[in-house]
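Both of the next two complexes hold chain A, though its partner changes from chain B to chain C.
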Partner chain A sequence: MLQHYLKTAWKVFLRRKFFTLISLFGITFTLVVLMVATALLDHAFAPYPPEVNQDRTRTVLRAQMLGEHSTWGSGPGYKLLDRYARNLPGVERLSISSNPGAAQSFLGARKITLQLRRTDAEFWSILSFKFLEGGPFNAQDVAEARFVAVINEATRDRLFGGRSALNQVFEADGQRFRVVGVVPDVPVLRRIPFADVWVPLTTAKTDSYRNDLLGPFMGIALLQRGASSDEVNAEFMARLKKVELPDPKNYDKIIARFETTFENMATSLFALRGEEETHVERLWAAILIVGLLFMLLPTVNLVNLNVSRMMERASEIGVRKAFGASSRALVGQFVVENVAMALIGATVGFVLSFVALQGITASGLIPYAKLHLNLRIFLYGVAIAVFFGVFSGVYPAWRMSRLNPVQALKGASR
Partner chain B sequence: MIRHYLKLIWNRKRSNLLIMVEIFLSFLVTFAVVTLAINGADNYRRPLGYTWQDVWNVQVDTRAGNLAERDAKTPPELLETARQVMAAIREFPEVVAVGGASCPPYGFSEWNSGADFGKWQLEYGLNLVTDGFGEALGLELTAGRFFNAGDDGAAWVPVVVNERLAREVFGGRNAVGNNVPQEKNRDGSIDPEMRIVGVVRDFRQDGEFATPKNYLFQRHRLDDDERRPADNLLVRLRPGTTAVFEERLVKRLQAVAPDWSFEVKSLVQMRETRFTMVLGPIIAAGVIAGFLLLMVGMGLTGVLWQTVTQRTREIGLRRAKGATARDIRTQIVGELVVMTTVAVAAGLAIAVQFPLLKLTGLISNNVYLLSLVVSAGCIYLLTMACAWYPSRLATTVSPAEALHYE
Partner chain C sequence: MIRLENIEKVYRTERIETVALSGINVEVGEGEFVSVMGPSGCGKSTLLNVMGLLDVPTGGAVHLDGALIDSYQDRKLARIRNRHIGFIFQTFHLVADLSVLDNVEIPLLYRRTPAGERRKLAMAALERVGLGSRIHHFPSQLSGGQQQRVAIARAIVGRPRILLADEPTGNLDSQMGDEIMAILQDLNRTEKTTVVMVTHDQRLACETGRIIRLFDGRMVN
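And then the complex of A and B:
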């Protein structure tokens, strides 16, 4: 049956090629936009190395100090994480690192700006970097504040012209570091691992950061297998209630929580002042609504085309109805045809998306982004194409199936 | 005539409704993108108020942002280091002027303040700057003067405002020498009065594409221990100074303040970053909207083409009764004009809601009106272009053949 439908569909596509081309153009363009958007989301949120344990990783990226009239929002400070987030039940490892900050390096007359992150040794065990040269620095390096650094590939190219960087020395922000490891570039959208240069936390110019409850730091926790982040957060928040606040006149509590990358995004977009819960549903709803709104115009366009092409097939519909085909069977047939068309559009769309993603990667708009298509995006693309095909096919199919057989056979237009 | 078209449209109301919905949606898409573009262009042509050529911004991290000491006074050694840093910069022969600021132009920090007097609200962007700031950025004074050492002993806080703020508060009167109105604090106390010592043409901190707004500079004394040292030092250089100077500058500053971090960026570079951030989304939206309209255009042409071939008999009959080819074309185009008008009217009805509900605080009414006219024009152009080929096709119908079909 399906084979028969597809055969008919193919004949119809070939009958008026110009119209088929117009439909295909609309479908392909729609799918390219949606697929590029999907690839960007995938690039930001899917588990890519070094975040291979993403399902068990939770981070604290924000903390807020709240009072009746005042709010102070920022990243969590070192003290907050060090004193209150260690040894939480359900957490296997905890890493504390600074957010990447710009550090200048001069090479001859050339200035190089590096994103430098100061981190502890646990960082390297939670995130699995694939080392191109050497390896990470260890707990002893951190404890003794040795000036060692792990750099990314792009930095190796910029500082040492792509030659082996191991044990080479470079200057950043007035400090001299010895390279102990080189890792592949991490995209800037991967906020948890991202940096150009990673150095021990203890090499900071002063240790005043140790007293800050709020500051430019992040905590990365690796949960034990089977542990839920709710339990971890319940204990963490209970501990935060006991924090001695530095300015009790203006502030009476401090809040922070461990979140997945997606939750972080939802919180930063939708959470109001002082709210302690995440808004993952709202982020999903926002993505879906934007996607549907975008699909609205292409859908109406395709529906219009299909409805206007209905008359071409009036006699076919008339014959089938006269021989007893039910409306439902006809609707099914037309929807299948439309989905088939959408899938052809998707195939062309994949090729064009690939080109578009290469273009965005090459343009360097997003530093270190390597946008590409993979099986997951392919499956999303197929799902979007099928949804689009059904979405835009149902109304014309229903209109077609309601043609009066007698008039249809006569070829009447109404 | 129009009534006749309406009747014809009504006769095919279901498929025509869909066409109108499509035109309506296209109008909304066009309108959104056109508004963005025209608003950007409108802001771009306004005066900036400063010059960005040959200015570098040295961002200073003094490691003093410690919250525990937020209300504490700044330690004297920190103030001393800040003074030495400023002096060290000024010593270079390449440097024309240097000024500290809490928010640099084209940066990503902003500070807003204001007062609520019930009947009216005063809102403005705020910036704490040192005496050299005016010269470093080439601010254009239209009245009074910029801050100088003579302000040191003043019992009030000297401020410089932009013309927009002066106009809003004082109308046509001279603003210099007057105080900026302030609100009482919650506990009933009043902050020291802010006396205007000068008026500048403007200071559009976020750059050329930013919406114009009120702006106020407060003077930052280098020895003020109520405040932290300035985070940004704006340095005006002699024209022709190259990037080689940057290394010398940073080395020198690091020698003066080994615990601090310095990041140097030219305003040229910061401006470029800003432009990419503002223009990137507009261009992306424009490209997507362009493709959407191309798709709609092709779709609409296809639909009209089909309609014309289906209406062969009707057209044939009219030709037989003596209608000229021109009459037929006018009919096809006329029907589409009527449908476009209905769709655009519906779009306008929606678009007008935004200023009525005051959702467009950032976009002036003139820009809004112009965008409405331009996008309506675009849509008419698009639909007319779509009708061109099908309406010619309709005229090729020969009456005898068309009637024979029946």
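And then the complex of A and C:
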């Protein structure tokens, strides 16, 4: 039966090539946009080296000091993380690192801007960097504030012309560092590990960062296997209630929590002042709604196109009904035809998505992004195509199946 | 085999009420070859559609093999049509996108007949009507007579007990019409298939076993 339906579908597609092309264009274009968006989301949130332990990794990216009439929001400061986030039950390791900041370097007379991040040694044991040369700096390097650095591949190429960078010295942010390791480029969308250059936290120009509850830092925690992030957060928030605030007249509490990157995005978009819950379900809902709305227009267009082609097939519908096709069988046939069309569109869409993603990657629009289609994205694309096929086919199929066979045959005879 | 009891069929729109059939009582026995005649618009095709369960009567009852058709649920009627009734239309109504063989297989699709078996039965039906060598042709590549023969093959492939033919020779010349008539008579004689045929052709009607005459939706002698 399926083979018959597909054979019929193919013949119908070829009979009206113009309508087929319009349908395919709508499906393909929508799919390309959605696939590129999915690839970007996947690139930002899915497990990706060096973030391979995402299921156990949580970060503190935001902190808020709150008073009755005042709010001060920022990243967490070193003091907040060092004093209140260390040795939490359920946390295997904790790293404190600064957010990447612009640092000027010079190659001869040419100024190069690098994104420099200051981290501790734990950073390298939580995140799984693959080293192209050398290795990370260690706890002793950090303790002794040695001016060593790990750089990415692009920085090696820019500073050293692609030669080995090990033990080479370069200047960044007015300080001179010796290269101890080279790693592959980390895409800018990977907020936690991203930088061009990583140096020990203790090489900061001043120590004043150690006294701040809020500041440009992040805490990265690797949870123990089986540990609950809710329990970790409960303990963390209990500790935060005991924080001595610097300005108790204006602020009476400080809040922060360990979150996944996705949760953090949901918090930044949807959390109201002082809310301690994440709003992941709202972010999912927003993504779904935007995706569905985007698909709505081409789906409605396809529905109209299919309905307008109904009467062309009135004879066939009448004959099939006369010879025993139930309404359900006809709906099944037409939905199969529509899904087949959607899958053809999806195939073209995949090819074009691949080209688009290669183009975005090559353009450098998103630094170090390596956007590509993987199995996960491919399956999302197939799901979108099937959704398209079913939803744009069900209503026309239902209408076609309800045609009275006598009317259908009469209409075709005129 | 099929009995219509006091059948009424009225078409109603907002302004007009058209009585297509009124007080129709007719019985067609197994193995009969019956023709239905009457002027245009007298209800011949409507009668055939009601017999073939393609249309629901406004009043009266349809009996098939002594059983009352008391439910007009889509799936139930579809199943009955598929198992017991074959249709032959004046304008053939072959699916243009499908080959001759695929057209003939259509009734078997809805019996969930396996593909190999479907093909075998379809080939046999086409051989029966003398088109065994045209299985891969498309309807547009056939003459009118050949298309009607394909339509007959499609109607008989499932071995229905009743064939309902609505002016099967109406779009054909007399020679082709005679060929079609010969096939129907052969089916009636050898397979004992009941045939009810609407026709305008008095000559062909006289070759059938019985003539039912309609006028303005009523049976006349």
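One rule holds in what follows: the second predicted complex is superposed on the first by the 411 of 414 C-alpha atoms of A that agree within 3 Å, B and C clash if a C-alpha of one lies under 4 Å from a C-alpha of the other, contacts with A are read in each partner's own complex, and residues count from 1 in each chain.
Keep in mind that, in the parts below, a residue touches a chain if its C-beta (ideal position, glycine included) is under 8 Å from a C-beta of that chain, and two chains touch if they have at least 3 such contacts.
Model, not experiment: these values are computed from the prediction.
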### Query
Touching A:V355 in the superposition: chain B (first), chain C (second), both, neither?
neither
### Task
Considering only touches as defined above, state whether A:I289 meets chain B (first), chain C (second), both or neither.
neither
### Task
Please tell me which partner, chain B or chain C, touches more residues of chain A.
B
### Message
Quick check for you: in the superposed arrangement, does A:A238 touch first (chain B), second (chain C), both or neither?
### Response
neither
### Message
Under the stated touch criterion, which partner chain does A:V12 make contact with: chain B (first), chain C (second), both, or neither?
### Response
second
### Task
Examine A:H4 and indicate which partner it touches, taking first as chain B and second as chain C; both and neither are also allowed.
second
### Query
Which partner does A:S327 contact after superposing on A: first (chain B), second (chain C), both, neither?
second
### Task
Check whether A:A143 is in contact with chain B, with chain C, with both or with neither, and answer first, second, both or neither.
neither
### Message
Going by the contact definition given at the top, which residues of chain A touch chain B in one complex and chain C in the other?
### Response
413
### chain C contact footprint on chain A (complex, rising order)
1, 3-4, 7-8, 11-12, 15, 315-316, 318-329, 404-406, 409, 412-413
#### Entry: Partner chain A, residues of chain B touching it in the complex
14-15, 18-19, 21-22, 25-26, 29, 61, 63, 65-68, 70-71, 186, 243-244, 246-247, 250, 254, 258-264, 276, 280, 288, 291-292, 295-296, 298-303, 306-307, 310-311
### Message
Show me the residue ranges of chain C that touch chain A in the complex, using the header's touch definition.
### Response
49, 52, 54-55, 74-75, 78-79, 81-83, 86-87, 89-91, 93-95, 97-98, 102, 105-107, 109-112, 115, 154, 158
### Message
For the complex, give me every residue of chain A touching chain B.
### Response
18-19, 22, 25-26, 29-30, 33, 65, 69, 72, 77, 101-104, 106, 109, 111, 113, 173-174, 205-206, 208-209, 211-215, 246-247, 296-298, 300-305, 307-309, 311-312, 365, 399, 413
